[in-house]
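Next come the structures, one after another.
Each of the next two complexes has chain A plus one other chain: chain B in the first, chain C in the second.
Showing the complex of A and B:
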């Protein structure tokens, strides 16, 4: 067990440094990516700034508290690119061309191989850094900020990453039937896009929908709730359970779907 | 005229074949709009208010925004940029067809097709939200609205075409185009009604023509713009001026064109 873990860690490290070297060749591209991320984060901030210019709170969240939610989405996106996200973006191409054969036959878990092969530090770095700035800025302006909440905040970020991964696995499994992934990735993109609004705005059917079917309302609100001093045991328990269920279902769907892969061109 | 009709038909069939992606993007938009509807609902439930909008006004604003995103806002600049960058634009140089009119036709058929799909989704939404939709009571408003939507569609196409042919001058500009497009939509009122902006930004947005793409038609629909004739005139002037600029720009662009890879 320990050996396996160690081996995967080494594999991750070598994929990571290999990809980073590749990314560093295209320096202009890197700068443009950062610029684009900063631009879009700023648009989101301006949206909320204008909104809060007219009102006081949204579902009980003040402007600075909402910035923590918006920033958390950015951080989770970057964490996802550091672990699994880009592999799913490439998956459609692998399946279409039949290059997925290599993934299946390599002496490594297929899902981990797909994820690690494309780990990227720079792809979403601008969003991650802007996220940190926003969370820091929001945190500095809180009335009741406690440093002790930070480690718990980080734990819940990881929990959200697990939800995100489970969701990606389930949606991306459809690739083996559709043989293309662009629309699936669009769906995942929209999923993360709805995460930047406080969960407290939902009620009734919408709340159920954005918790159990498309769990985007938990992704950023749960960590942000902890940082803003709303320690809510029910919410944390809910998030952890949803993460567990989504990961389990995701892995199950993924494994089942692999059977449906019919290699092209070989 | 015959040739443009053929272009229209071919692209319509194309759109039919690729209805999957269109449907997904409509559903994605629908999801985002639904989230925003929950957002407004939560705000008004706490007895807060945005400008002079009632909750029904706001809900109507965003349902219409869904319709406008499908029927009016143009996204053809991506394909135009690729054609120019990868050299397949050369095919048009030898064809007896005007590139600007050609893309206008493609955009028109695409937008009509998407409009058809979105009307179905929109009608279901209106059915569900009927108590919260601020429908105009008189026919004049509907005529004004239809006219404003037409002008909006032409204007949106022209701006997007302009972004597309930037590729003659700037080679790798996908990200830049993205920002231009998004900035334009923001100033058009696609994310938030322009009269909620701080005063200075309101003035800026008002002086720019982008508001005619989203904000202006919706204001008419909501009955907040009962004398839209001045707006119609200004939008028409912009349309004509842009048309002249685009034809000139296209000419200059073709002179610069290097036919990469051909």
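Showing the complex of A and C:
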């Protein structure tokens, strides 16, 4: 078990350095990516600045607290690109062209292989860095900021990453039936886009929908709640359970779909 | 996560059972399912609501076995089921029914212990990183297959030598020619020194010289490493030069399993006699000569039953003044063509109950 863990660490390192070398070849692309990321994050911030010019709080969240939510989404996106996201973006192409075959014959877990094959530092780096700046800026302007909340904030970020991964696994598994993945990727993109609104704006059915069916309301709000001093045991427990359920279901559908690919492709 | 295997221990276990076949396939079947779609928008619309399922038997009750170290060629036209079969033996595809054991493993269980000991190279797909030099892909494969650094260095040097790759190592793969890329693909899949190697059309699209190089590499590699190689190709030369034994597959079933030479003995019952006359003949052939394919004033070509060759030659030499006479064997290529043309009715094909090679409405029973 420990051996396996080490092996996958080493494999990650190896894949990471290969991907980095690959990205370095396209320097212009790299610069444009970062520029676009900064631009769109700024658009987001301006949107909230205008909104908060008219009202004091949204769902009980002040402007600076909301910046922490927006920033957290950026950080989670970058973490996702560093671990698994881009592999799912490419999955449709792999399945369509049959290049996915290699992932089934290599002595390595298929899901890990797909994830590692395209780990990317730079794809979302601009958004990640902007996220860090926003979270730092928001945190500095809080009335009740405590340093002790930072490690818990980080833990919940990882938990959100697990929810995101589980969701991606479930949605992307459909690729093996649909072969086309464009729509699925768009769906996952909007999933993360709705994460930047505070969870407290939803009520009743909407809240249930964005918690259990499409758990995007938990992604950024839970870590941000901790950092802004609203430690809420129920919310944390809810996030952790949703992460567990989504990961389990995600892995289950993934395995089932792999079997479908194996018996259907030619 | 996958189970961590102990290749060394596995190798030992396998060594003990040395008389065991490297590849053992019994009654393997694969049926693909698809939906019928009529042409046009109207057809698409109809298909959206009501679909008819069609079945195609890609592989029909195939059985064969390979000894360790054998180099066997798989011959068959496009769509005969060669690739499907290789994919099942690599664990990419599940069979519909039947059994297969490769090095004692069932391939589609995808045991890492098996995956570390075989390799599949598909001529039409590449696994190298497109924008990076091949040496980078080699390093990554070293890590994926957990090859010891020293062994890796040694194996790589050996293959660089054999394939003459030294100058290619640091050029991005996208700038390599097809032949150069194929060489690198081969290296990438041999770094972990597989005991079984599946090659699917390794020479496809290559020029004659590259084909020749790949061929001689495969030959040397098989002889030196005693690797079991199963090779598909529709270039006859690949098979003629590399394989003592061939499996001919058509419409999903094996129609011949044996040596190339006895293949022609078995399927061709005639020989071709070519004659150059010493003196000008009449433009029309005399009626008492049979089996004429071509006839003019100076030349003639005759197709004669094997057992009658001696008698006919004798008669020809007696009747005409002949400058040159040769009895020629029919090319292997011709033999294969004949098998492919006639195989649905060939005596070895036991599954003739459905229209072979077509999508049919019922899955049909498999023997």
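Rule of thumb we're sticking to: the second predicted complex is superposed on the first by the 261 of 266 C-alpha atoms of A that agree within 3 Å, B and C clash if a C-alpha of one lies under 4 Å from a C-alpha of the other, contacts with A are read in each partner's own complex, and residues count from 1 in each chain.
Everything that follows uses one rule, which is that contacts are C-beta pairs under 8 Å (C-beta built on N, C-alpha and C of every residue); 3 or more make two chains touch, one makes a residue touch a chain.
If you're wondering where the values come from, they're calculated on a predicted model, not measured in any experiment.
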Counting only touches as set out at the top, which of chain B and chain C does A:55 meet: first, second, both, neither? first
A:129 contacts which: chain B (first), chain C (second), both, neither? neither
Determine, under the contact definition given at the top, whether A:201 touches first (chain B), second (chain C), both, or neither. first
Quick check for you: in the superposed arrangement, does A:21 touch first (chain B), second (chain C), both or neither? second
Scan A:150 for contacts with chain B and chain C and give back first, second, both or neither. neither
One more residue to check, A:99. First (chain B), second (chain C), both or neither? second
Quick check on my understanding: which residues of chain A belong to both its chain B contact set and its chain C contact set? none
Touch list for chain A against partner chain C, complex: 3-4, 7-8, 10-11, 14-15, 18, 21-22, 25, 97-99, 101-102, 104-109, 112, 259, 262-266
In the complex, chain A touches chain B at residues 28, 32-33, 35-36, 39-40, 43, 46-47, 50-51, 53-59, 182-183, 186-187, 189-190, 193-194, 197, 200-203, 206, 210, 214
In the complex, the residues of chain B that touch chain A are 20-21, 24-25, 27-28, 31-32, 34-35, 38-39, 41-43, 46, 48-51, 172, 175-176, 178-179, 182-183, 186, 191-192, 196-198
Which of the residues in chain C come into contact with chain A in the complex? 1-2, 4-5, 32-33, 58, 83-84, 87, 90-94, 96, 108, 110, 112, 115-116, 118-120, 122, 125, 127, 129, 131-132, 136, 139-140, 143-146, 172
